[in-house]
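Several structures are given next for inspection.
Note that chain A is present in both complexes that follow, paired respectively with chain B and with chain C.
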Partner chain A sequence: MQYGMIIDLERCVGCHACTIACRAEWEVPVPYQRNWVKRLGPTMTDDGMASTYYPGLCNHCDKPPCVAECPADPVEMTFTAKNSKTKTMNVAATWKDPFDGSVQIDKDRCLGCGACADACPYGARYVNPALADDDSAGKADKCTYCKPRVEAGLDPACVQTCITGARIFGDLSDPNSAVSQYVKKGAKGLEVKGGHIGPNSRYYGNKKDMGLLFADYTPELADMASVKRRAMMASMVKPAMKKAKDIGILGLAGAMLVKGFSENEDNK
Partner chain B sequence: MAFNLTRRKFLQTASLAAASVPLAKVVSASTGISRSALEAKGTFGDKTVTGGICEMCFWRCQLVGKVRDGRLMKLEGNPKSIDNGTAICARGNAGVQLLYDVDRLKYPMKNVGKRGEPKWKRISWKEALDECGSKLKKTVDQYGAQGICVFPHGSSAKYPMHYFERAVGTHNVSEASFFQCRGIRDTAYVATIGKAPGEKIDMPNTKVLFFIGDHLGENIHVSHIKQYIQGLQNGAKLIVADPRFSASAAKADIWVQIKPGTDTAYMLAIMNYLVKNNKYDKAFVEDHTEGFDEFFAAIKEWTLEKAAKECDIPAEQIKEVAEMLAANAPHVGIHPGRHVSWHGNDFQRQRALACLTGILGAYYVKGGWVPAKGPKVGGVSWAKEDHGQEFDLNQDHQKDEKIYPFKPPGTPTELIRDCAISGKPYPIKSCVVWGQNPLQTIPGQQKMKDLFNAMDFVMCVDVMPTDVTAWADILLPEPSYLERFDFIKTGTQWDLSKEHQQYISARMPLVPPMFERKDQIYITNEIAKRMGHEAKIPVQTIEELVDKSLATANLSIEKLKAEDGIHIQPGKDPYGVPEDFTVMLFNEEIEDTGHPGAPTYIAVPDTPEGYARLLYGRAPVHTFNRSQNNVWLHNAMPDNPVWVNDKVAAKIGLVDGDTVGFVNSEGVESRTTTTVKVTAGIRKDCVYMYHGYGSANPLMTIGVGAGVDDQSLITKLAIDPETGCSGMRNNFVKLIKDGKVLDLSA
Partner chain C sequence: MSPSEDIARVYRFLSQCMQYPDTEWMNEEFFNVLYNLLGTLGALEDGVTIKKEIDNSADPIEDLQVEYTRLFINGVPHVVAPPYGSVYMDKALQGTFAGNTLAFYREKGFGMEDDADFPDHLIHELEFLSLMAEEHDLAGEEEFLKKLFRPWYGLFQARVTEEAHHPYYRVIVQLIDFFTKEEEKDGFQPNKA
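Entry: the complex of A and B
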């Protein structure tokens, strides 16, 4: 199984409903974002005057470059599929789910170093400072394909609010799914220049619009040397982080955080 | 980046995340993986409250709220809705940020400083209402009811507007939704087909959509956009006339890059071509129109070549459009538009749209103009009273005729402003502003300020400290649409080809009001008591008003609550032309008032050398100027870049992202700056920006100074001669970069 999202540019009107619904659902603080809409053009192309949108989000890639860079200590995790099959893997604080193909983060083990965010060629990750604690400036955050909502039988928040039905979510490995039908019709991911990481958020549109999108937003792989430097720095401060968690300071820090904010609210 | 979020605001947003941290991890049943306690819970598990009706714009989608520990976390479309369904737009989704905006008005305030430079003092409701009641009564006692002028907007302003018009008895009411927006459209269609057209195009089932300036996609109303995209998905062709490659032009089959102000000439040429070549609907014209011969005689000068020259477009393209319309008639949607107060020649353009629809036979047919048959719900308000014509500023007493014979309801804005500023023909000495922000809505900001300065008393009622509130003596805070009862919203299923259904819903609060905010019934009634109209008060509470209205449809608030906020009942087939339906191609009544009885093109002033015409339009994330302080929406589009043609930009050395200010042809400079968007997608003789930016009020801590206030540059007034409405696209600007004024000559 591989979850994927289709963005149908023929239907998209660039209204931003998806981005704001996501912000509300997952309490994403301004100016950070789990998804975005950029307007492209109007500009003259070989196919005539063009203007379209780049509604972007995590691509939950086949080979996610972010996952490999996480410096957190790997732990053994057992994943369970819908059909009760299990799979045990050693994973750092972010991983690709072996059953649904989504890329997820464990915020408890996240060091907040931002290496994963640097590694993502799409800029789909950010470090959420609202979750900062004594040892980190925040926790990595991004689109989860609304995993908790999907597990509860709901559509992702962006899909539910989309006015025109331009966002379609489903299983790309099921040839009969609506998303697979779109892939057959020509929906394509924004694959990185000269690489193959297999983005699973895919775009469908006419030649002119797709041409403009791919010309403007085909990304390059990040400079992994600087990503690795950041990851290494983060792993050096890990022991303090770990100690803090072992004695439960993190929970205390969380409580202080809440108190600090509520005091601030009273002063407004 | 023009990101000026204050730390306090940021923390307020962030605290939502921190406060919701649960103590224990949640273990997912389906994956066995436990979720971090730091992970946001998601609102889908929160308590659902029903009965919300949006008012981030006037389309009023039906909502549910997600409430956690008494706090509204998220808004969603009501799954029971047959209109918007579970979808709501960016603004609808951002409603929670209006609700909890720390800049919102909280208490009654008195201005102890100057108008325009206020010093606010918190006062009690009693003091505030005593002040409003006594000052307004003094005006009426001294100058008569006509001494009060009213600038209302939105559903909360309806009840007080009726009070001042009906019980107090002033004609001097100017609604921006009419005089600066759609009033021209409505009266032009009334003068043509006897009805206001709304935006009732059967778009899902049409074969061709024809837009004059409509920019759906940047202009977002949920069910309307659903209809539009469904139509395109079903294979409809799209024709868009716009000087700019708008969001709609980007989806169009034919983009008509028309010269601004010439749309009527364009349509006259299309109609002339259709008639001359026998490509119009003869049966419909025979059965359902009047004045065909006079109409044809009046438009026959408009050859393709003549219009091509006037409109600066190829004659061949006009022919192509006419042929496409004819080939698909009557299943063509000639969109009536919405904001149409553009050039001061707009009544005639709207008439042309209505007549074009007529000669194509595109009324009451699949894909044409089709008014859905909605349910009937009676309204309850102040009793109507006849106050005579003596103090009606639209009445020319010497000639015994109307100055603007086809004005929408209320009194044309300039008649009120001129009278208030000059004191002639009579004094206007008090001003009530309710939910409108005339400084950013009505062209001529200085004139508006002159009006306020001429007043003995100014009161404002609003949710936010908009620009106009700085001119109030007394400023009163209302609950938002999420915290109060009021509006009754009715309609049908969004796609007319589907099972015919009707719905009735009423706005109910999703959370209780906070601070000392009071609703429109309370405020109006308390003022009415102080002005001596206690006996005329129609209802005591907003719930009573809603219940009495609903009772006319055998419903009540309780019944609606039991139906999750929306009552659904069987509907009726809307197709089929009523026997007595008539399109007045030539209208003698218009001719009798001294205006052209057949749709007529009136040229607008040309762009002066060195300037570009200032065009403006909707941003998909904003409504008018009302949402500019919303932190989520601001973040989505923090300023309003000015579109400049790429060739013009290259000639004067402007590049994408440059920071510029403006100066208009009357020497008025913008208060702030914005960025430049260099694009091939706009004509050389215009520039374009989103409307509704650049608030001047420092109490709007997010919106103040963000982008440029387009209205501040619209100082040259153009008045539509039939309607008295404002034309706002006859202003011309140059850009200012690094202190240097740049010529925009093409």
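Entry: the complex of A and C
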């Protein structure tokens, strides 16, 4: 079994109901997010004028690069399938479930180091400071495909709330499921450049919108050596920089670079 | 907090360190953060050197203002190390290198405020690196460092290291070097001065 989600770009109207439902369901603090909707275009593409949205979330990848980076001590964990079959594996504080294919986190064992967040090419993980404890500045967090809701027989919150039915959740390994039907029609995941990690949140749409989405948001795999080096540097500077933030030095001079200029405005 | 967010804070802090000295921000708390940072990097000596210079001065901020002006704005017979990439890459202010820098900002969805300095000013480049780190755009950060930051920064740093009278700027340019350089180089090198 492999849970997956289809996002039908032909139906998405960019209303953000999914992002709000997710935030409410999981008490995700601003500015973090487990899912997001970014507007793309309107812009001219080779296939004509394209305008769409990028509703993103954890892709619960076949080979999740985040899982391999977790430095927490592995423990033996027994997983149980719906049919009561069990499987025991050694896992760090984050793993890919052997039965439903979702990627999950054990917050009790998470160190809050953030290496997984930097390893995710989609930016789907964050370290939630609201969950800080004596040993950490927060805990890694992300979309779980609403595992507790799904186990209770409900749809994920974003799927339930979507006003146009643009989000479809189901089992990609069942050829008769609605999600598999979409894959047959051409739904595709945002696979990383030059790699294969197998994203299981997939997109379906017309050629020009899909072209725009994939041109703008095809990610690259992070260089793991530099991810590790950053994690080490970050842990060194963390106390001094926290103090710098607390006393208000950071950004005192005011930001001179501002978000919101698109490439298209360049030199016009 | 993820590592990238801590790194974003470091870039932002370094950008602040290179602002024109002013009592509004350059106060005891600021120097304590700086000493603390140097301490964690094994360069406590550098912090001590700066502290001595500051403690022995009647007006340390004015000293730094004079030094900042001489190094980066206007000096006799000429400014020592203009903090603009174009000066080193194009041998001119606001050359094509500055244009390429601005194009990179725009490609990543950023523009500049009207009262900003030229896009290739060290402060803005560090600010941009901070934004890249905040957005977890590691690839963007590395590309920017490689194409638009490192090519000139070493030349700038060498001039400051050679000509600075005040240890503060010698140490700050080395701190910036440490946080922006390629992986294969050594760690933070204590300042020789």
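Here, the second predicted complex is superposed on the first by the 228 of 268 C-alpha atoms of A that agree within 3 Å, B and C clash if a C-alpha of one lies under 4 Å from a C-alpha of the other, contacts with A are read in each partner's own complex, and residues count from 1 in each chain.
Note that contacts are C-beta pairs under 8 Å (C-beta built on N, C-alpha and C of every residue); 3 or more make two chains touch, one makes a residue touch a chain.
The shown structure was predicted, so the numbers you read here are calculated from the model rather than taken from an experiment.
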Query = Regarding the shared-chain residue A:Tyr126, is it in contact with chain B (first), chain C (second), both, or neither?
reply = second
Which partner, chain B or chain C, touches more chain A residues = B
Inquiry  = Once chain A of both complexes is superposed, is A:Asp106 in touch with chain B (first), chain C (second), both, or neither?
reply    = first
Task = Check whether A:Asp223 is in contact with chain B, with chain C, with both or with neither, and answer first, second, both or neither.
result = second
Inquiry  = Between chain B and chain C, whom does A:Lys82 touch in the aligned arrangement: first, second, both, or neither?
reply    = first
First (chain B), second (chain C), both or neither touched by A:Ala115 = second
Message = Under the contact rule defined above, give the chain A residues that sit at the interface with chain B and also at the interface with chain C.
response = 129, 251, 257-258, 261-262, 265
Message = Quick check: in the complex, which residue numbers of chain A touch chain C?
response = 112-115, 117-118, 123, 125-127, 129, 137-138, 220, 222-223, 225-227, 229-231, 233-241, 243-245, 247, 249-253, 255-263, 265-266
Note = chain B partner, complex, touching residues on chain A are 10-11, 13-17, 19-21, 23-31, 37, 41-44, 49-52, 77-82, 86, 97, 99, 104, 106-108, 128-131, 139, 146-149, 151-152, 154, 160-166, 209, 251, 254, 257-258, 261-262, 264-265, 268
Task = Please give the residue numbers of chain B that touch chain A in the complex, ascending.
result = 3, 5, 8, 10-21, 23, 25-26, 28-33, 35-45, 73-77, 84, 86-90, 92-94, 96, 102, 216-218, 220, 222, 225-226, 229, 232-233, 245, 247, 249-251, 255, 620-621, 631-633, 635-637, 679-682
Task = Under the touch definition given earlier, write down the residues of chain C that touch chain A in their complex.
result = 1-7, 9-10, 12-13, 15-16, 19, 24-25, 29-30, 32-33, 36-37, 40-41, 103, 105-107, 109-113, 115-117, 123-124, 127-128, 131, 135-136, 138-139, 142, 179, 183
